[in-house]
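Consider the two complexes below, in which chain A is the common component and chain B and chain C are the respective partners.
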Partner chain A sequence: MKVTKPSFFVIERPDGATRRCVRLVSSLPSVLKTWGPATRISPIYAVDGTRRNSPLDFLFPGQQTLLMVGPVHPDQFLMACGNPKMMWLGLGLYNLLVIPVSGKQLLGMLAWAKEKSIATEVWTIKDGSIIRPSIAANATPKANDWRDEIASLADLSLPAEICDAIAEYCPLAGSTLSRSRQHLSKFNISNDLRDVNDLVADLLDGLSNKVNAPDGPSTAAYQALGELLTLNAGLSRFASQTFAGISPVQETECHFWSHSALGIGVASLALLRLRRFLETTLGAARLPARIAGLALIRNDIPDLCRLKSTDRFWLADHLNTAHTVESTEEALVPVLTYYSSRDGYRSTSTTLSAPLAAVSACNSMQWSLLTTTHELSHIIVRSVLAEFFPDLDEPKQLQDALALFARKKPAVNLLEEIRRYLLLAVVGMDAIATARNGSLDVDEDKLLGLLDHWHHEVEEILVHTFDFMYFYGRDTDKYVNGIWASWGTIPNVANRVPDYVVRTICAVLSSHLLKGKEAEETAKDQVLRALTSLKDSKIGGPYIKRAIQYIQEHWVDEIQPQVFARKPLVRITVGFLFSQSIATALRSEAAISGDATKNREGYTLKVDRFEFKQIRNPLRFVEFFTTSTTPSALTSMWMMYVLAFCVDANAN
Partner chain B sequence: MPTDEPNNLSGYLLEWPSRPVQRSDFLRCDRLTFGGNITDSHWETYVFKSPIPLNQENTDFISGPYIYPIVCRRSGPRVLVLSSHRRIVEHLLSNGFNGTFTPSLRRVSIAVDDLVRALVNRPTVFVLSFVHARAPAFGTALRAVSFYGEDLADASLFRESIMFFNFATCGLRHAVGGTELVRLGGDGAVSFNYSREQRVLEVEDVLRFLSKQGYLSTEIVPGSP
Partner chain C sequence: MLTHAQIKKVSRLQHQVGELRPGFLKDGTANLEGPANAGRLSPAMHRARGGLGTKAHLSRKIKVAVTFERDPQSGEMQLVQL
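Here is the complex of A and B:
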């Protein structure tokens, strides 16, 4: 199924009119010239190949019946219900707008939708005026248990600020849950939202008995408040973007104004599918618990500082063989996803956002949904670093770290040895940065200062290497294109280019560790070649030229020493954060053809063709289909449709 | 111009969502003519006349129309369509059948990855003679691998490494011996060496086995969301 050019679905109430009107127009300026307080729009695409070519401009002359139905893949709808007279696709939860051939066909469509618990709304329209909206009831929410849970949160005695936040959260969660039960029962969204509710309950646990503490609300209370506000903001955006445009369509409104009539429910589902896949693969691998299990490896612990890069120890899949240490750790993958212009690509422990621009530009490298993996990598690496780094607020842990640093032989177990190696790496990085020669006398204060100062950089190097290995499959061109194209969209970060260069080369260095002394040079040359290619393609933004120049002019005196000092961090990521078995689960795609000569790694999907073909790995799909240098709203919508409707939910 | 006598047959396993496929459906395509059945079988042969060359013919020496053999096996809504090269079938589907089959014929997915793992874990009358697989964990360092042999699952090197692979194509042969019967792709691709008429019946046995074991699926089931 192909679609033609976009047009706009316009709902408005002209001056003096008693009823709302609807029309399709191909020109946005023509709508803007008559914009009123009740006007709302959404972009839609006419389907090619229905009984008549669905027009771009349509004023609904005479008497017409408009069926809004969804969320459903158009291929499935057409297969079940036959070709209508006209049909358009959009991004709202009512993603299909249909003018049936006859009343009989309409009844068939409604019966099919009812049988499949797919929501519908029908408008009878006379000369563009909506004279009779009719809403088909969906599955009514049955269980009340979640309502009881939400109600119990509102009943807690809490510090005043938290009460305010809970007063906002509870009705928001109630509304989102009940709407998801009505419109997204097939997508199990309510389970995700129940996880959000559990998170909130955990946050509040223990705070309720401290409401009258003599010294006022505790730090923990303010931490909980911060997390609650973050959740509220994310949930509010998710609900507005997803459920705008549900019945009654005339009375809902999305704050993403270019989609204010129908919302972007399909795009929300797409992001949610990605999140679920990550949760069931990388999240389920429980990396921090596996790393904690490295403490159980006590025999034949090598001195990591002296171990050659080619030693088999670095190549072993330690995470796959380590015993998992049971813990009550929270989920590593944030539970809530949404789009945000302000937050862009951002992750917290509970939320993951992608820029709103991705809705109409995710086919391009600059606005790729794959960039969310970098944010996710931060969350995972932070959890992992909690195992490697001492808690700087705990004197005992600092003392232990100091003893580990002073130790001249391997530690007693593998986890401790990695910690020792990391401490030495931090001191090495500091020596390069301060141009210090000779050994450093380190006491507790000095160590505290060093760890505090270098924590962020250690995290960045680990994240970049982790992202490169797990999500980009060590493909240098793809990685450099991906991260530098997305950095190119951020204004005023030119002063960070040297840091970005070092991190990029460190990530790529992970592919060359076996090359010994040639490793750094090879990584540098590979990055330089990829950046030059990116510059030639003109998509990298203003920082590429600066990066190339920086590498060419300062490799020897600035970059190489920094990369060399960070090499132990790269080794730690390769040796102890990467697992071939976990990577296989994360990067597997069984729904591929065997034709190796085709692009797209064997996917048989055709860009912009809305055919229902199932895939199993949404991440690989995004990786192989986000290749354009030019954003396309149509191709982005097609990608959203594949992610929302074609990911085999049983596969993950 | 005589029809090529194909040694290799390649094409796709397809399904029509509307109803069982009939010979008359094929013959609505005016470039197809019926050529008869392969002896003692339900396999049918057709001749496809194409105005454009589809098999790398030298147009300086050979003028059109270009004639290609088409071999089919219909079974209810499913149909196997083969020719001497897969691109001929692809052309027939996208051009010759355009407007003939509405809605269009859909490829039947063959769960090759599941099939290979099952044949390794639970040997049957068929064994693996070939596999091609992606190796996703190793990134650009190692993208894909192929294995050839008379019974791959019997090799420990293969058994121990399958956890790292996504199988996209496989070849099957009888466990008792003989040459490769058929090669299967996840996207419904089917090919085999048409060395003798009996071969089509052996391929039919393989397809029946795949269907019975649940390795065939069409993604559009009428009436299901």
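Here is the complex of A and C:
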């Protein structure tokens, strides 16, 4: 199925009119010239090859019936219901706008949608005026259990700030849950939200008896508040973007104003599918629990400082053999996904955002959805670091950490030995940064200062190496293209070029650790070649040239010492955060068949053709089809459709 | 992606040494304005609340010296504790 040029679906109430009107226009300025308080728009694409060519400009003359249906892949709809008179595709949960050829065909469409639990809304329109809207959305299941759970949260006695956050959370969760059940029953979002609700209940557990604590709310209360505010922010954006445009369509609006009529539910589902794939592969591997399980390894612990990179200890798949210290039955809380212009690509333990620009530009390398892997890596690595770092509020853990410095021999178990190596690496990074020779006196305050200062850089090096190994398959060119193209969209990136250069070389160093004294030079040369190629292909901006110049002029005096200092972090990632078996699951794709040397490496999907062909690995799909330097709203929508509707959920 | 216990642990670490977002943190005060850093205390506030710093006088000092040296056989650069 092919589509033609975009037009705009416009809902408005002209001055003096008693009813809302609807029209399709091809020109946005013409809508803006008559914009009123109730005007809303969404871009839609006319489907080529319906019984009459669906027009770009259409005033709904005479009496017309407009069916809104979704979310559903257009191929599946047409296969079941036959060709309508006209049809348009959009990004809202009602993603198909259809004018049937007859009342009989309309009834058939409604019956099919009902059977498939797909929501519908029908408008009878006379000369552009909506005279009779009729909604046939799925009835919300009557189960009240989640309502009781939410109500019990609102009934707790909590510190004032927490009460405010819960007062926001409860109706927000209730609204999102009920709408999910009504419109997205097949996507199991309500199950995700109930897992989130369980987390909220757990966060509040124990706070209700501390309302009137003499010294004010506890640190734990503020930590819980931080998590709650983060969840509220993610949930409200997810809900407003996804469920704007559901029934009654005339009465809901999306705050993403270029999609204010129908919302961006399909784009939300695309991000959701991507996240679910990562959860069922990387998340299900429970890396943080396996890392914690390294504490159970107590025999033959080597001194990681003295262990050569060629030692087979580094090459063993420690994660694959590690025991987790938690039950695999313990629930993993899903990450709430949403789009945000302000947050861009950002993650917390419970949320992940992608830039709003990705909705209409994710086909381009600058706005690639593959960058979500970097944010997912942050979630995993932060949890791993919480295992590596001592609890700074626990005197015993601090004393134990200081004792690791004094030990000068391997620790009693593997986790402790990694912690010792990491703490020494932090001292080493600090020594290089401050040009310090000689010893450093470290007490508890100094340790806090060191970790406070270096925590972010430690996390970034681990994340870059983790991302490079797991998601880019150690392909330097793809990695450099991917991250440097997306960095070009960040304001004032020029000041960060030196940091980004060091992080990129460190990530690539993970492929060359066995090369002994040549390791760092080889990594540097590879990155330099990839950056030069990027510059020649005109993808990169002026900052690419600056990065190349920085490497050429300051490799010896600035970059190389920093890479030396960060090498222990690279070795920790390679040795203890990477598992080949998990990486294989992340990168395999059964839907790739035929000649993999041809374009798109064997995918039979064709760009901008809305065909229902299933894929198994959404990450590989994004990787193969995000190759353009020019954003295209149509191709981006096509990618969103593939991700939302064509990922075989059963395969994961 | 994480269990309840892991989320709480990350929250604790963020509270202790986590990322600061410009515009959200007021030095020396608990931040209640931004979702990312609510509950994040500055080291000064941390000490004031009876956290780490108040115990400093009890803490022993450890001399830590590290350097980076090439392994004489492989030539690879390694972190070495002196």
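Methods note: the second predicted complex is superposed on the first by the 624 of 652 C-alpha atoms of A that agree within 3 Å, B and C clash if a C-alpha of one lies under 4 Å from a C-alpha of the other, contacts with A are read in each partner's own complex, and residues count from 1 in each chain.
Here is the rule we use: a residue touches a chain if its C-beta (ideal position, glycine included) is under 8 Å from a C-beta of that chain, and two chains touch if they have at least 3 such contacts.
What you are looking at is a predicted structure, and each value in this text was computed from that prediction instead of being measured.
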**Request:** Please work out whether A:E416 is in contact with chain B alone, chain C alone, both, or neither, and reply first, second, both or neither.
**Result:** neither
**Request:** Considering only touches as defined above, state whether A:D192 meets chain B (first), chain C (second), both or neither.
**Result:** neither
**Message:** Between chain B and chain C, whom does A:T584 touch in the aligned arrangement: first, second, both, or neither?
**Reply:** first
**Request:** For A:E375, select first, second, both or neither according to whether it touches chain B, chain C, the two together, or no partner.
**Result:** neither
**Prompt:** After superposition on the shared chain, which partner residues are touched by A:K116: those of chain B (first), chain C (second), both, or neither?
**Reply:** first
**Message:** With both complexes overlaid on chain A, does A:S309 touch chain B (first), chain C (second), both or neither?
**Reply:** second
**Message:** Can you tell me whether chain B or chain C touches more residues on chain A?
**Reply:** C
**Asked** So which positions on chain A get touched by both chain B and chain C?
**Response** none
**For the chain A and chain C complex, residues of the former touching the latter** = 161, 198-199, 202-203, 219, 221-227, 229-230, 232-233, 278-279, 282-283, 288-289, 305-306, 308-310, 326, 330-335, 348-350, 376, 379-380, 382-383, 385-387, 389, 391-393, 395, 398-399, 402, 405-406, 408, 421, 424-425, 427-428, 431-432, 438-446, 448-449, 451-452, 455-456, 459, 513, 516-517, 519-520, 561, 564-565, 567-568
**Fill in**
Within the complex, chain A is touched by chain C residues 1-19, 30, 32, 34-41, 43, 46, 49, 51-53, 55-56, 59-68, 70-71, 73-82
**Request:** Would you pull the chain A residues touching chain B in the complex into a rising list?
**Result:** 72-73, 75-76, 78-80, 112, 116, 118, 186, 469, 472-476, 511, 580-581, 583-584, 586-596, 601-602, 604, 612-614, 620
**Request:** Can you check the complex and tell me which residues of chain B touch chain A?
**Result:** 17, 103, 107, 109, 111-114, 132, 134, 136-141, 144, 163-164, 166-169, 185-187, 189, 219-220, 222-225
